[in-house]
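Which chain is which? They are A, B and C, in the order written, and residues in each are numbered from 1.
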Amino acid sequence: MRICHDQFEIRTQGKGTYEITGEIQEKIDKNGVRSGTVTIFIQHTSCSLIVMENADPTARKDLEEFFERLVPEDSDYFMHTAEGGDDSTSHIRMVLTRTSETVPIIDGKMQLGTWQGIFLFEHRRAPHRRKVCVTTIGQ
Amino acid sequence: MRICHDQFEIRTQGKGTYEITGEIQEKIDKNGVRSGTVTIFIQHTSCSLIVMENADPTARKDLEEFFERLVPEDSDYFMHTAEGGDDSTSHIRMVLTRTSETVPIIDGKMQLGTWQGIFLFEHRRAPHRRKVCVTTIGQ
Amino acid sequence: MRICHDQFEIRTQGKGTYEITGEIQEKIDKNGVRSGTVTIFIQHTSCSLIVMENADPTARKDLEEFFERLVPEDSDYFMHTAEGGDDSTSHIRMVLTRTSETVPIIDGKMQLGTWQGIFLFEHRRAPHRRKVCVTTIGQ
């Protein structure tokens, strides 16, 4: 049993979902863990982590539109607006989604279902560099 | 320290919450892990995982009704509708809830609180077979 | 590789967010785990766990107000009201947020981002004693 810590950076170009399944599997391949778990952890409070359907891009478009309507930028009660209209909305959308996920690894592969992909969900309008931690535990 | 991977299937009969606490504890019992963690992972994008009050069924009825209203099937902006009115709503409700949870195990038992149960939350109208991964790490 | 189970209690004084980052790091320090993961697990169904911006208190005020509006106490379809108007809303807000999170530990420290804090999100009006489980796996 051993623990491997890795990290990678993803550059986002505004709001939207960015698939990171390949980057995570690459870290597992590099470490050579055959049986265990991988924990993905996002080190930010204005973007988040989701597992999502990765076949039809319209599924993600609908998801993004849903969040625009659920947590609208122009909410009149927002006080935390120092960084703009997407400041409080970013944190709230992050809380409504996820910061960490743990996925089983068997035979060196993440045990994702057929339609599951792992995505970084960017909630900021401006481009950002986002750090993703990948921790594998196993043998 | 060792890792055990298990899986079980649950047949759902339309939208709703299905308790799976017993099935998960059975896998832990079978593996004989006394101290460690269990990670539950759902391999689907149109159902999800929740921890929920498991004593009074009306608590879950209210939760289900809340999600029907929060993510209504007839939203006019949905583009991802190939599989019906419950297609995009299923993915969005899944993202708003959870795909994995990790629970401590002490003395061979999941350390759930008095009122906590673990449920699969089915977001599809039609019956489905759902796969749940159960990974225990411990000794 | 070893597993350490700890628990602490936090007394809440009504609805709101209560930072517990320090209490969690204390348990890691006590156990002496230098490299691994920590899983935080909340043993309740009417409060929840969130990672949130911990610098500007107005960010959390906006979040709390958002949840008051998203899941209002006076919803006319609620059936689960035995414990008051905050009964069903507590469970629903819990499901929309989180019960467990897993965070990497490197050099004995949780790998949180600059602005990330870990909070217990209390959904009940009355004061409560809340139990938080802290499980570290590592070496």
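The rule we apply is simple: a contact is a pair of C-beta atoms (placed from the backbone, for glycine too) under 8 Å apart; a residue touches a chain by one contact, two chains touch by 3 or more.
No experiment lies behind these values; they were computed from the predicted model shown.
Superposing the C-alpha atoms of chain A onto those of chain B requires a rotation of 120 degrees, given to the nearest 5. Where the sister copies chain B and chain C meet, the same residue numbers recur on both sides for under half of the interface positions. Our note on geometry: chain B versus chain C, Cα centroid distance of 20 Å, whole angstroms. Listed for chain C are residues 1, 70, 96, 98, 102, 137, each touching two or more other chains.
Within the complex, the chain C residues that touch chain A are 1, 35-37, 50-53, 56, 58-59, 61-63, 65-66, 70, 96-98, 101-104, 106, 111-113, 115-116, 137-139. Residues 1-3, 5, 39, 41-46, 70-71, 75, 77-80, 82, 87-88, 91-92, 94-96, 98-100, 102, 131, 133, 135, 137 of chain B are the ones that touch chain A when the two sit in their complex.
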